[in-house]
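As written, the chain order gives the labels A, B, C, D, E and F, with residue 1 at the start of each chain.
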Amino acid sequence: MKNGIAFRTIGEEFDGFLLIKESTRGTTSNGKPFLTLILRDASGEIEAKLWDATKDDEETLIPEQIIQVSGEINQFRGKHQLKILSIRLTQPMDNVQVTDFLGKAPMEKEELAEKLTEAIFEMENPKIQRLVRAFIKKYQEELLTYPAATKNHHEFASGLAYHVVSMLAIGKELHKLYPEINKDLLYAGIILHDIGKIKELSGVVSTTYTLEGKMLGHIPMMVEEIGLMANELQIEGEEVLILKHLVLSHHGKAEWGSPTPPLVREAELLHLIDLIDAKMNMLGRALEKVQPGEFTERLFAMDNRAFYKPNFEENEG
Amino acid sequence: MKNGIAFRTIGEEFDGFLLIKESTRGTTSNGKPFLTLILRDASGEIEAKLWDATKDDEETLIPEQIIQVSGEINQFRGKHQLKILSIRLTQPMDNVQVTDFLGKAPMEKEELAEKLTEAIFEMENPKIQRLVRAFIKKYQEELLTYPAATKNHHEFASGLAYHVVSMLAIGKELHKLYPEINKDLLYAGIILHDIGKIKELSGVVSTTYTLEGKMLGHIPMMVEEIGLMANELQIEGEEVLILKHLVLSHHGKAEWGSPTPPLVREAELLHLIDLIDAKMNMLGRALEKVQPGEFTERLFAMDNRAFYKPNFEENEG
Amino acid sequence: MKNGIAFRTIGEEFDGFLLIKESTRGTTSNGKPFLTLILRDASGEIEAKLWDATKDDEETLIPEQIIQVSGEINQFRGKHQLKILSIRLTQPMDNVQVTDFLGKAPMEKEELAEKLTEAIFEMENPKIQRLVRAFIKKYQEELLTYPAATKNHHEFASGLAYHVVSMLAIGKELHKLYPEINKDLLYAGIILHDIGKIKELSGVVSTTYTLEGKMLGHIPMMVEEIGLMANELQIEGEEVLILKHLVLSHHGKAEWGSPTPPLVREAELLHLIDLIDAKMNMLGRALEKVQPGEFTERLFAMDNRAFYKPNFEENEG
Amino acid sequence: MKNGIAFRTIGEEFDGFLLIKESTRGTTSNGKPFLTLILRDASGEIEAKLWDATKDDEETLIPEQIIQVSGEINQFRGKHQLKILSIRLTQPMDNVQVTDFLGKAPMEKEELAEKLTEAIFEMENPKIQRLVRAFIKKYQEELLTYPAATKNHHEFASGLAYHVVSMLAIGKELHKLYPEINKDLLYAGIILHDIGKIKELSGVVSTTYTLEGKMLGHIPMMVEEIGLMANELQIEGEEVLILKHLVLSHHGKAEWGSPTPPLVREAELLHLIDLIDAKMNMLGRALEKVQPGEFTERLFAMDNRAFYKPNFEENEG
Amino acid sequence: MKNGIAFRTIGEEFDGFLLIKESTRGTTSNGKPFLTLILRDASGEIEAKLWDATKDDEETLIPEQIIQVSGEINQFRGKHQLKILSIRLTQPMDNVQVTDFLGKAPMEKEELAEKLTEAIFEMENPKIQRLVRAFIKKYQEELLTYPAATKNHHEFASGLAYHVVSMLAIGKELHKLYPEINKDLLYAGIILHDIGKIKELSGVVSTTYTLEGKMLGHIPMMVEEIGLMANELQIEGEEVLILKHLVLSHHGKAEWGSPTPPLVREAELLHLIDLIDAKMNMLGRALEKVQPGEFTERLFAMDNRAFYKPNFEENEG
Amino acid sequence: MKNGIAFRTIGEEFDGFLLIKESTRGTTSNGKPFLTLILRDASGEIEAKLWDATKDDEETLIPEQIIQVSGEINQFRGKHQLKILSIRLTQPMDNVQVTDFLGKAPMEKEELAEKLTEAIFEMENPKIQRLVRAFIKKYQEELLTYPAATKNHHEFASGLAYHVVSMLAIGKELHKLYPEINKDLLYAGIILHDIGKIKELSGVVSTTYTLEGKMLGHIPMMVEEIGLMANELQIEGEEVLILKHLVLSHHGKAEWGSPTPPLVREAELLHLIDLIDAKMNMLGRALEKVQPGEFTERLFAMDNRAFYKPNFEENEG
């Protein structure tokens, strides 16, 4: 992945396959049409300009198509840009497929599925266990393929499951340190907290927000789903209410999308574990692209900060 | 009602029946026990102190009991306080009942029910109509007896229905002025927006928040209920989604409890109509208690403002 | 109006008359001069580029000129843009005039004037009535021609009067629902609240802020005007003070330009009615331009939200 | 003044004359009436309790009365309190008067008046000069006797003029350092900025807010006054507008009561000079009451900070 | 500890030894002196009132004295209060000492010291290791006895070291999950981040803020200390700068006391681990005092939330 | 200076020497390379475009080079832009040097140094005096050449010393008006407050932030420096602590970079004097470039306000 499009340097030439993520028509200041393409491979994405685009180009160079492209990496307003020299659509014999161009979690689906199963297996409260198991079953396919967001963090295939599995690992250790934590509740909260994203987001490729996602958001949608599922499984009791509360409050504050703040110990912890894993993932991906002694680009989702990679890391790693 | 406890002036004597809303034990600076009672009749409430309270007093003078009390209206830290001279529990022959002491909407239940039915009758979209009708049926009893809040506005019997009926009247007129408004959607939003309070609040007398109310809040609870009801009635389509959105967004902003802000014209209007009716109700009750040329007490739910009643109103009304 | 410039779709050709609202000189990346024009008709406005502009173009294509133009609707950064193919200034025989190209209220001046007169006629307090009548008389011409703002809401000819008349209609209905409202005060507040804009804004065509408008703002300017007018008419008493207060507080909060918040019932209501009419006007104009199932462009003055037009509206309207 | 009531220490006995600023009736926890008095002399104020107050006490011990009182300084909730042992109203032969008990500026009225005259004399722009002179003349008496606020800063007789004169001295020096400042404008802004307080506040003794003050505030009131005065003197031109702007913007931000922020150099400077003089006055009075090595009480108007008086000051002063 | 003063219920009698934390003189509404004492044992603290206090009481019942007291647990304004029936100072033969009455970390000093040593032992970067070791040595005694705060979290003997050791345990696990983290940096940040509190706080008993603590705060004080220590040890290089940055930024935001926000991965993580351990400690202590189905008291340092202890925990634990 | 680059008007031709401040490579929409240069002289800076830039241009036209350039002043997005017609690097015989192109304080270094010496001479407290003198000596060279910031205010050679000297002049006058101010402390605070910028900024030409500056900021860096210097000089006592506090708190609020707010009278005043001088400097430079009757460009560091230069100034000045 280190020779992917996200790791190329300015001035370098590029010749290879890329996936079209977005395509927009523009007009130059001389009135000539051009296309702005967002191209990607598993390492990340780059903007590209196709000058003197034909009608045919406009109609064929569309999202989710794979292209063979050659060009040069330039810089434009502080960001990389690919200047296209030649471009063509792939043909069957090119033997490439969309999934090759998506980022992907550093763990295979089977392993992710296994980790989820283990967590459920550890639960002792039968109501919580049954409810969580039913959700895993219902959304098995999507849970293992969806990203956790359209951008910012875990925005790759299986990102959702990988985020959950990483959080479970943190939760497991914190339970050892703070044994008074109710492990069933924390594990259940971790597994369920973002499942609403499966309905909020359109899918794995060219991910956008669904109408339902825009109008309600994944948090109230998931609270409702828990109610429906509990109804269906005829599970009653405070467990259902508290699980809804964990999902509802996991953004921590009203301004951040949780109309009720965490009011149960495990809800507070769920919020903090979510923060840690999301931030470490964002930072990891940004720092990977810079050298010791450099700053990353500004990270919008981290209050627009640019992070520094210390020089002395070089000599140690 | 104008001779109710809320309208008595300082120095005046009081002799009559009152309902105990709250009762708390305290100790004077000399170490002697006393009771702080919140007493009410239909006009409002007053704090009272019972000095040298006995064990027996503590056990019998409890919430929801009606007492016969005589005393004098004093002032304490800028608020009225009843100094109790004598007190006794009511007996059957006193012929008083709890409901006599609750504030109550200025419209009878029958009329309120009729107004709701009319609104449903005017609807043209069959999905919206069926869904709303089902809710009215399910919660008929509570809808017609519950207050709209524990304090601040419409905190009286039938307050919830009266709030809805007032908002429908405003909605009807605004629909005439802005005919592009979808009346079905607006009416449905008005009727459904606060039904979650039936589960959020404990009841009509000594109203408090339920555990469910504290952990989730009436807004996400009602979004879930709409989903369950639509499931049950096998209603599908964008109408269900938009109705959920109206309920979800009716507080207007994330900070005020709506994780999604209004994104549909009728949702924005629902929020504004809700504001108008709540504020006019609060102001009406506060201004009723002061004379022209005076300011009301500070109204916490209106940014702690004290409102002025102009002098020239006197000569006109 | 539905075939006006604001309703054209991308790719469509345009051939007709438009008014120049703004004109700015630029230089292409090749160093050649061009003009960026904001062109408008009664339906709205569009940006246009004139490439290879001559000195003569720069001097003649200036604000408030009407041009005959043909070109094609393109898209640039998500907004419509007119690519000009030919352009010429109008000649007398074209028989077009500036006012044809301004948006205009959906009510004639006569009707607007009549509505204002009716409202004054209904007033009972002679001081309030005389004061309001004097203002209507003083600013009759401007009140009936000015927009209510440079953009956002009611930004068309007679927009100010139309905004006032719509608010009076809402006020009338709310007075029926809340009869304790002082109608004279509310009507007077509605009529006077934005008259300061006549001095704050430069006029009807190419509206900008005056120096006085920038240095003081319409609210303090109108408070002063009420003082001067009362002086002139020798009207004294609390009515004058309360009317000043209504104007001063009608933006609701210090952060929004009202150094004193509403402290009188009618002041609070005036603020809310103003919000409703401004928002319904903005939403109406934005939603008119999209199809069911689509979102409007982001509306800056409504917290940058994009509003959704439900699909089911299609089958009903 | 250093032996005034504000400088007495806990445990000390007091025997002397004090002015009643406020008087409120209360009831002890045993049901007995008492009076809470706010008493003052020129050094500051103290709360006092009169136990077992009679009807007669209530009727005679009222604001603006001078009393002869003996008692002891106690502490209550971290503040000084005077425990009254004996109290009586003054008699003519006591030869004391209300003004003896008010704090007062450290400069005589004559000197203050002279300083104002000097500043006007230095002005070169005849319009500004005439306008300011007219105000000084109109409000001469009040300007020289009013406090600048009900509390916080310059809350003593002649406080308003003293505040203005101190600011003029700062303005004079800053004009030397930044000669590009328009001195006429700055001086005029300083003299006029708080004159609206003469209408906002009720007077010198037991100062409260007038109805006009509450409904409008001193800033919009003064903007209006400038307009009326300019009208009367038939002064026209940008000078009048800019003077109104200086007054309107002198609180610096909308949240602090200036609907328009400073947009002219002298307006910005006026705001900063006002801050300096108000803060130095507050700090001076608070630090005067503590010893080196101690903190002052928390100062509400300075973000509730307690200020420290360094120990090494002792050895220098 | 479960029979300590913090676990007693209302109405219960108490007879035993307690430590005086604070003592304040007051006067009852009848003018009689009394003492308000804050008394504590290792389980927590309680307010107590001693009525009719003598001069002698005032002089002997002072902070850091141990008393033998009997009384009854009452409630006052929603908080427990001890009504004192008899009280006496302890005598040598009572065989009690101050440290018996302080809360204390659930780990012995030796074990804490060992954990710190282990962490230093694991470090690979010699500069970081030497610097941290020097601090541990310099502040060994205080680090192992100081609380981490005057209230809110880890406000007990050895609280500082216990907080550090808990954070190290979390850091160790997170390093396993995110191996790209620089462990040396994270461990060093954890150990050093709060050492400034040793100078900010006065000590272990009756902990208050020092003058230096109030004027500078522990964060800038510790940044300075790192500079001094590096100077002394003649350590140079980016390591010193980054360690200062970790300490400086560990409160996360300027509003929370970090003038620079975290700009290095380990700084961000340090902030989050600090949050987790502080919050889990606060929640643990608050939830320990309530039964399943109850809410804790409002926790000021957690946005004033009251937390709920679910009912179903009862059956599991 | 009035014929410097910052004072040229649109359409005017320019022919002269300029210093390159920044240089960035771009690609036109036709794919051709160009350079965006920021060029400056002592009056200010201007953006320039060099079309069809060669490899050689890229390598030679770099920051800190002086060029001879001819071109025309254009406007681009509301800002001036220089269209380059010819450009060449300077040669030795051109006889120009970098310092000719930097803005510079309106006072010579010798005079600045003398003013600092005078202030130190006036001090009476020997500890404060010695400490300040040591800093002046240590940083003599940088203090007299550094700017006070990279932009916004005093961003010219000797800007730091000039800012300090101006503030001393204000401080001197305020000390006369408020004689209770500790002059030594105030003078010392003024001289030391921004010395940390010498380490925060990279130098006089093409000033940027150092790594240390980004990671710590000038405030904590200077607090540390004071500690080190006091150590070295073996100065002890509260003076050192209070001086650190003055530096630490001089931005006034946590949000503005001062983790502790001013808690000493002279600290509060230092903050206000700093505000006045920074703002008067910014305003002075912005107003100098506009004519009476015009507004300045928006000033980012002054809440993005555009300031007005009154018309009547014309006739007076």
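One rule holds in what follows: a contact is a pair of C-beta atoms (placed from the backbone, for glycine too) under 8 Å apart; a residue touches a chain by one contact, two chains touch by 3 or more.
What you are looking at is a predicted structure, and each value in this text was computed from that prediction instead of being measured.
Chains making contact with subunit D as well as with subunit E: B, F. Looking for a copy of the E-F interface in C-D, B-D or D-E, one arrives at C-D, which has over half of the same contact pairs by residue number.
The chain pair with the larger count of C-beta pairs in contact, out of A-E and C-F, is A-E.
Ranking every chain by how far its Cα centroid lies from the centroid of subunit A, the top place goes to D. Per-chain Cα centroids separate subunit B from subunit E by 44 Å.
With each centre defined as the average position of its C-alpha atoms, the distance from subunit B to subunit C rounds to 39 Å.
Taken residue by residue, subunit D touches two or more other chains at 29-30, 211, 214-215, 238, 242, 263-264, 308, whereas all remaining positions touch fewer. Pairwise chain contacts in this structure: A-B, A-C, A-E, A-F, B-C, B-D, B-E, C-D, C-F, D-E, D-F, E-F.
Across the complex, subunit B meets subunit C through its residues 124-125, 166, 169-170, 173-174, 177-178, 180-182, 184-185, 237-239, 242, 261-265, 268-269, 272, 275-276, 279-280, 283-284, 287, 302-303, 305-313, 316. Note for the complex: subunit A touches subunit C at residues 25-27, 29-31, 211, 214-215.
Taken in their complex, subunit F has these residues touching subunit C: 28-30, 34, 49, 51, 74-76, 81, 83, 308. Contact residues of subunit D toward subunit C in the complex are 211-212, 214-217, 219-220, 223-224, 227-228, 231, 238, 241-242, 244-245, 248, 254-260, 263-264.
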